[in-house]
Every structure is written in C-alpha cells, then in structure tokens.
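Structures incoming, each one as structure tokens.
Shared chain: subunit A. Partners: subunit B in the first complex, subunit C in the second.
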Partner chain A sequence: MIATHDEAIQNNDRGFFLTSDDPLTNAKAKAGFIATGTATTAFVFVGPVTFISNVYGWSLNSTESTDIPPELNNLLNKILTDAREENFEDGNMSQLAKGLIYLVEAYGEVAVQELARRIVAKQIDAEVASEVLQWMGRINHQASRGMRLWLLERNLLSNSLYIRDSAGLGIASLNDPAAIPSLRSAIAQEKNCALREDLEQVLRQLEGTRQ
Partner chain B sequence: MTLILRKVKKPRWLKDDDNLRWLAKEEPQADALRDLETSENKLSVWLVADDETNLHDVVIALISTGDLVSKFDYVLVEYKVLEKIGIKIEHVEGQTPYKQANKWHANLYELSAAQLFQLAREVQSGRTPERIQELVAKQMFVSAVKDGRLKADELPKPNLQTWVIAEIENLNKAPLS
Partner chain C sequence: MTNPTLPNTSPERLWHADNLRLTAFPSPATQFNATGQWAQIVGQAPDSQTIQTSKSIIEEIGKFANGRLQLLAQPVRIDWNYGLGGLMDQDPPPTNSELPFTVALRSFLQVAERWLPVGPSLRRLAFGAILTRPVQSRIEGYREMAHYLENVVRLDPEGSSDFLYQINRPRQLTDEPRIKINRLSKWSVGQVQFTQVAVNPGIRPYITLGDPILSMRLELDINTDADYHGDLPQMHLADLFRRLTNEGMEIAEQGDVP
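Then we have the complex of A and B:
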C-alpha cells in the first residue's frame, strides 16, 4: 500500500513509500532506510537527499538530515556538541544521557532515526556515539524499542571497536532475545578476542532470558 | 595484597583492531591515558588480594558512589610493577558508602608523567582488561544491599538509591500461588 502523507514522516511532496505490515519496517523506510530485500517495501526519494540501497539490508548513506523537526535538529546539535566536552564515566548519568532520554521521550523513533543516521555518517565521534548506543539500550521507551534495537544490531558490525563494544553493551541492557541472531553473526565476524568474549557473554545472557 | 585495581574503559586498552594498525605493538593508545587521570599527581587505586577474594567488594564500593549500575571494566596490575617503576603508594581510606571495602583504597602519589606513561605501558602489556557485565554487576550490588552489607539510605545518589530499593521490593514480593 502507499503510505499517507503523514505516515511518510513529513516528506512533504518529495517522496513516497510503499509500506509493509511490519511497523518496524515502515519506521526504517520512513527514515529513508531502503529495504530492497523485501517485496513489500520500497522507497522512492526525489529530493536533494540521496539514499543508496543495499540488497538484503538497510542502507543509511546520507550525510544530510532527513526532514526532521527543526527543533529536534537544533536540540540534537546542541546535545551532541556539548557531549564532546564531557567525560563519560560508567555508572554516572551524563548530561548527554539526560538529553537523550528527553529526546527519545519527546520525539520517539524520529530521534533514534536521526541519531542512527549521524552515527553511520560518522558525524558523531566514537566516544560520544559509544555513550549514545549504551543509552539506547537503557532508555525505557516502548514505542521506540524496535528502532533502538535495530540501531544497536546494525552497529555490531561497525568498523570502530568502540562502537561495536557499545552496541553489545546496549543490547545487553535492552536484554531482548530478538537480538540473538545479529549477535551470533557479529561474534562470528569479530576479530578482537576480548570483544568477542564480551559479546559471547551478552549472547549467553540473552539466551538465558529467552529460556 | 599484590594486585592494584583501576577502573577503566576496556576498549581504550584493546588493540587488535583495523583502526589501530598504526599503533606499535607495545604502545598503549593515547586515549588510554584518560583512564589514568591524576589529581595533584595522585592516582586513586584499589588493592585486591592475589586470589581476588575481595574483588567483588571493591567493585560494589566503586559502584555505590554512582547514579546507576552499569558494566564495570577494570585492569589489574601486579604490585611489583609499581616497585619496578618506582611508584609510591599510600593507604588512604576510601570514601564510599560501602564501609567494609574502604580499607582497600590507596593512592599512587608523587607521580611523574614518565612514571604514569610507564604504568600505562605495563598495563597494556599485562593482563587483559576485565569486564563485569551490567546484569552481573546489578546482581552483586542488589545482594550487598539485601544482605545488609551496604545501606541503601547511605547511597549518595538518589537514582541509585531508588533503583536498588525497588529491586529489593520486587525480590521480596511473594510469588503468586
């Protein structure tokens, strides 16, 4: 089916997409993530932002913001800029964390989508992105849970060790057995022994949760 | 007591990564030095027994000062490494609500930049950094409060206090028959 204008995440008149019955799939498509591996979802974008699709996976190759509310864009810019000056310490609530909680509660999936885009485009430095990912697993917000899980799973395959580690930590916090296949795949590909062992611990935790 | 514990961020000490091919084998990343941040040329550390019997107590003590329980990354360094580098150490009672562990706190003092860098190299070439996963850390922490070893009302951060009280209330709820 063709999405309504509102469903098309404020695409104005620049694009449309065909939706599937899966809300998460639709959410990904809304953000401009193109799934070409499924028969039911396609996305056509005719605006200035170009997305490149990958067969059998999502792609997020834009370096420009999608159409997100300007106030969200401004808030994200402020929060992420301030975060560069922060020293993130495990066990302490950073200003970044407080900002992320607010953004996810106020803007839901749209905020997560924009964070995902910036992380993939490497617009956020690794240490800040690492903190973002860990908090994506901790935030208690049901409506964005699927999108946050997707963001974490995707980053298990980042080329940054920092990011891969934090994606695993975020998944551990989220404690969702749905991540088991992605985790297994990441473990099979992980070259760093120490990180592989940590991911295996997370896998065992999720398997325990499933039982 | 022959092991020195320092809380770190584990990825800063891992090297087997495509992005770090430029780094010489024996060298730590520059970012690793952030885990050895000194104040007045002192570095706060904890003493852990050879058999690590007090390790969990030290970890609980360190967690007890924070806002929340997360994973806990640390490195252990052999005491003799300090002697090798000529680093001085003094026992200084810890300032955590977990009183029984505070006796294991110490400061490395009168540290020079060269000594600190040498310590970083020794950490890098020594034991692999360890991690206690968040779920395990939470279980350890809740047990300490539940057993009365640590008092919830003495935790300095309200978030942690509220969380641990709720966890214990959940544990105490009788199972539905």
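Then we have the complex of A and C:
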C-alpha cells in the first residue's frame, strides 16, 4: 500500500508514512551515484516493507540524515513568507506560531533542523526569526525538545541583539537547566547591559528550576 | 554472549560495507568551518568541493581507500560518509564485495581518529553503517537472517515475505564518559537493480546495468543519547567512536541479542 503523506499522518500516530522514496535509493543518491549526463539509481523490489520511510529516520533515537520532505519545505516557505507581513504582538498567538506548532507536531525534529539551518544561514528575516525562537521555547513537543534547545543556545551567540534577546526568552520558556552552561557563557560575552541583565534573570530562573 | 551457530570468521559470512558514517552534532557554541578539513585529514585534495554559502553547507568528496569519502558539514550536523558511492557509474558497476566491512572499518577509523581530536566540540556522536551480504534468493536470505535473530524472532523463510526487523538495544557505558548509547539495528533482505537513466531526449529512457543483486541487509545506528547534557569530552571522542564501532561489530557478528 502506498499512502500519501497526509493520509499516513492521519492514519498512523507514530508518524510513519509509506512512500516510494526508498531509503536505500536515497542513501545511494546521497553517496553520489549520479553520473554526468546520466543518472544511476537503484530500485528495491522485494516487498512493500522496503518502501517504508519515516520523516524522523528509523526512530526517535536515529541519527540518520533524512531529506526534507518537499511539502515541509513548501509549507515552511509559505509560513515564513506570510510572517513578514504579520504584526507580532505580545500575548497573541500569531499565524506564524500556529504554523510552527503544526510543523513541529507533524514533522518533529526535521522541521526544527530545517528552521535551525535557515536561521543560522540568515535566510530568515531577523524579526521573523526572533518570533520563531520565542515559540521554539513554548511549543510542547518532547521529541524535538533537544533540537529546539540547541537552536536557542546557538542563537544566544547571534550577531543580532534582537535574536539573542529572543533566544533568551525562548530558553526561559523552555525552562531547561541543561541550558545553564550556554547561558553563563553568553552572559560572559554579552556587551549589552540590558540584555545581560535579562539573561542573568533567566539564569537565576533555571538555577531555581534545577534545585 | 557469542552465538554458537555463527562461524563469524568464515569468509562467506563476512559483511560488505555499503556505507559507513560518522555523524557529529556540534555544540551550539561551536562556529566550525569545515573548508579544507577533507584535505587535512586525508592528506590530499578532494576531487570536488561544493560550498552553498546561502545554506551554510560545505561538501567535499574524494577517493579514499578503494572507495569514496564524503564530508558534508551543515550547522546542525557534520557527516563523514565512506563507501562505494560514486564508483557505481562504471559499466558494469563493481559489486559491493570489494569493500569488506572489517577492512572498510579499519580505513574509516583512521579518518575518525584523525578528525575527532581536531574537530569541533560535540553534543552527540554516532556511527552508522549499511552492511550487505549477497544471497541467491529471498529464502536463503531469510535463512541466514534467522541465525542472527534466533534469540528474538522465529522466522519462516519459505512461508513468509516482506520481513523487516528493527530494534534499539540501549546500553549504559560504565566507564568514562558515563553515557547512554542507543544501539539501533534494522534487518531486511532486499534486491538492488542498477539502472542508467538517460537525461537527453531521444535516447532509450533507461537501461539496466548488470544483474540484480539480492542481499541480506543490516543497518546500524549506534549513537550517544540525545538526552546527554553538555559537551562530550573532547579528549575521549576518538575512543568513544571506536567503542560505538565495536558495538556495531558486535551486532554484525552476533545478531540481535536481548
């Protein structure tokens, strides 16, 4: 049975979906089996199980690289483009926030990895990136928690004051003491007094949580 | 516990390495520039280098130890892949029997042991492998696999098909660094047929290259747990990676042992 991604997402609460996008083919393509002028590819025929793929890799503990599903890419493009026209107000759930929640729940860590890549590569407008970071701390999704924390910690060192501030807010929302070393390091390097004080307040909060 | 039914050293039971992978997840504080790392580790220039500045992706590829070595660096992860990829556009393509797992692993460990001490601080480290062993038929493949899975699954080679088994057998490392590792393995039998697809119009759309290859397939993903807090100790990274590969070797030799 080959199901569309949407059907599979609806029908399978583990997030697995069936696709002709065979992992072996992907692995071989990734390993560079592409020749100039012709493409060499491989097909696996033995049974439908060989066509099972999964946006999270094999399991939540897998480190296998997974391709960004095209529909995730398209959705992300739309959400981030629309967000440029949006006015973000404290206390209100923005359309961007709703979109991010959907993407993280549907695609898990893969969605966060793609967001991380775009933010680190500065492909996202700073104001939108700041809103994204704040929501990375608020979303309640255990499987992507580690990656969201990584993204927030990484952006404590951003060149943009705006983004560093939002990373701090995101970490405060996530309230994970694992961020304490990164936070201490960021405070030691922070030259903006107001932001340094804010980060120190977040640090005290996390230390309180740890106790 | 060694499975007594498996004569591990006999050549016909050797696994072939389709792909070996080292994946490093950098610390968030790391600003790592991978440019030139391939040459530094291998001692010669790579065959190709691709830098996608807008995506912060660097890829370097070149021939290495009868195979091909790829470095793919992205902000969230750095992958070293080693296998026969890129050599398969030869006509006929070489069979994967040219890269026995143990031989390939020895070469790959040299790369890992040179790179990890000079690489970035890491939050997480993984050893991945795609291993295959040619078989004549699906039934023969299932019979072979039954030996490896006899502690956990009762296979019916003649009366079943579409079998896929995957599991995580996590372990806690008892000495430094004291961390949990995930030991994922996935077992199946698959058939690969290489085809050449013409890009130019007016040419026969595709031709098959060689005979189909039927093989038993084991995918390994041995990794430090994502819940480990803080950076992995830099001075132990090479040792840690060797231990991950040892765990992979154990599974490849003994099968899935609860």
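Everything that follows uses one rule, which is that the second predicted complex is superposed on the first by the 145 of 211 C-alpha atoms of A that agree within 3 Å, B and C clash if a C-alpha of one lies under 4 Å from a C-alpha of the other, contacts with A are read in each partner's own complex, and residues count from 1 in each chain.
Heads up, the rule we're going with is that contacts are C-beta pairs under 8 Å (C-beta built on N, C-alpha and C of every residue); 3 or more make two chains touch, one makes a residue touch a chain.
The structure displayed is predicted, hence computed values, not measured ones.
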Of the two partner chains, subunit B (first) and subunit C (second), which one does A:195 touch, if any: first, second, both, or neither? first
Which partner does A:124 contact after superposing on A: first (subunit B), second (subunit C), both, neither? neither
Looking at the overlay, what does A:68 touch: subunit B (first), subunit C (second), both, or neither? neither
Is A:83 touching the first partner subunit B, the second partner subunit C, both, or neither of them? neither
Partner touching more residues of subunit A, whether subunit B or subunit C: C
Could you say whether A:100 touches subunit B, subunit C, both of them, or neither, answering first, second, both or neither? neither
Between subunit B (first) and subunit C (second), which, if any, makes contact with A:113: first, second, both or neither? second
One more residue to check, A:187. First (subunit B), second (subunit C), both or neither? neither
With both complexes overlaid on chain A, does A:203 touch subunit B (first), subunit C (second), both or neither? neither
Touching residues (chain side subunit B, partner subunit A) in the complex: 7, 9-11, 14, 16-20, 31, 34, 62-63, 65-73, 128-129, 131, 133-135, 159
Which residues of subunit C touch subunit A in their complex? 18-19, 23, 25, 28-29, 31, 54-56, 61, 68, 70, 74-77, 79, 81, 83-86, 88-89, 93, 123-124, 126, 128, 130, 138, 161-164, 166, 168, 170, 182, 184, 186, 188-200, 209, 212, 214, 217, 219, 221, 223, 225-227, 229-230
Looking at the complex, which residues from subunit A come into contact with subunit C? 24, 27-28, 30-35, 37-50, 52, 57-59, 61-65, 113, 116-117, 120-121, 123, 146-147, 150-151, 153-154, 156-157, 178, 181-182, 185
Touching subunit B in the complex, subunit A uses residues 87, 89-93, 127, 130, 134, 138, 159-162, 165, 169, 172-173, 175, 191-195, 198, 201-202, 205
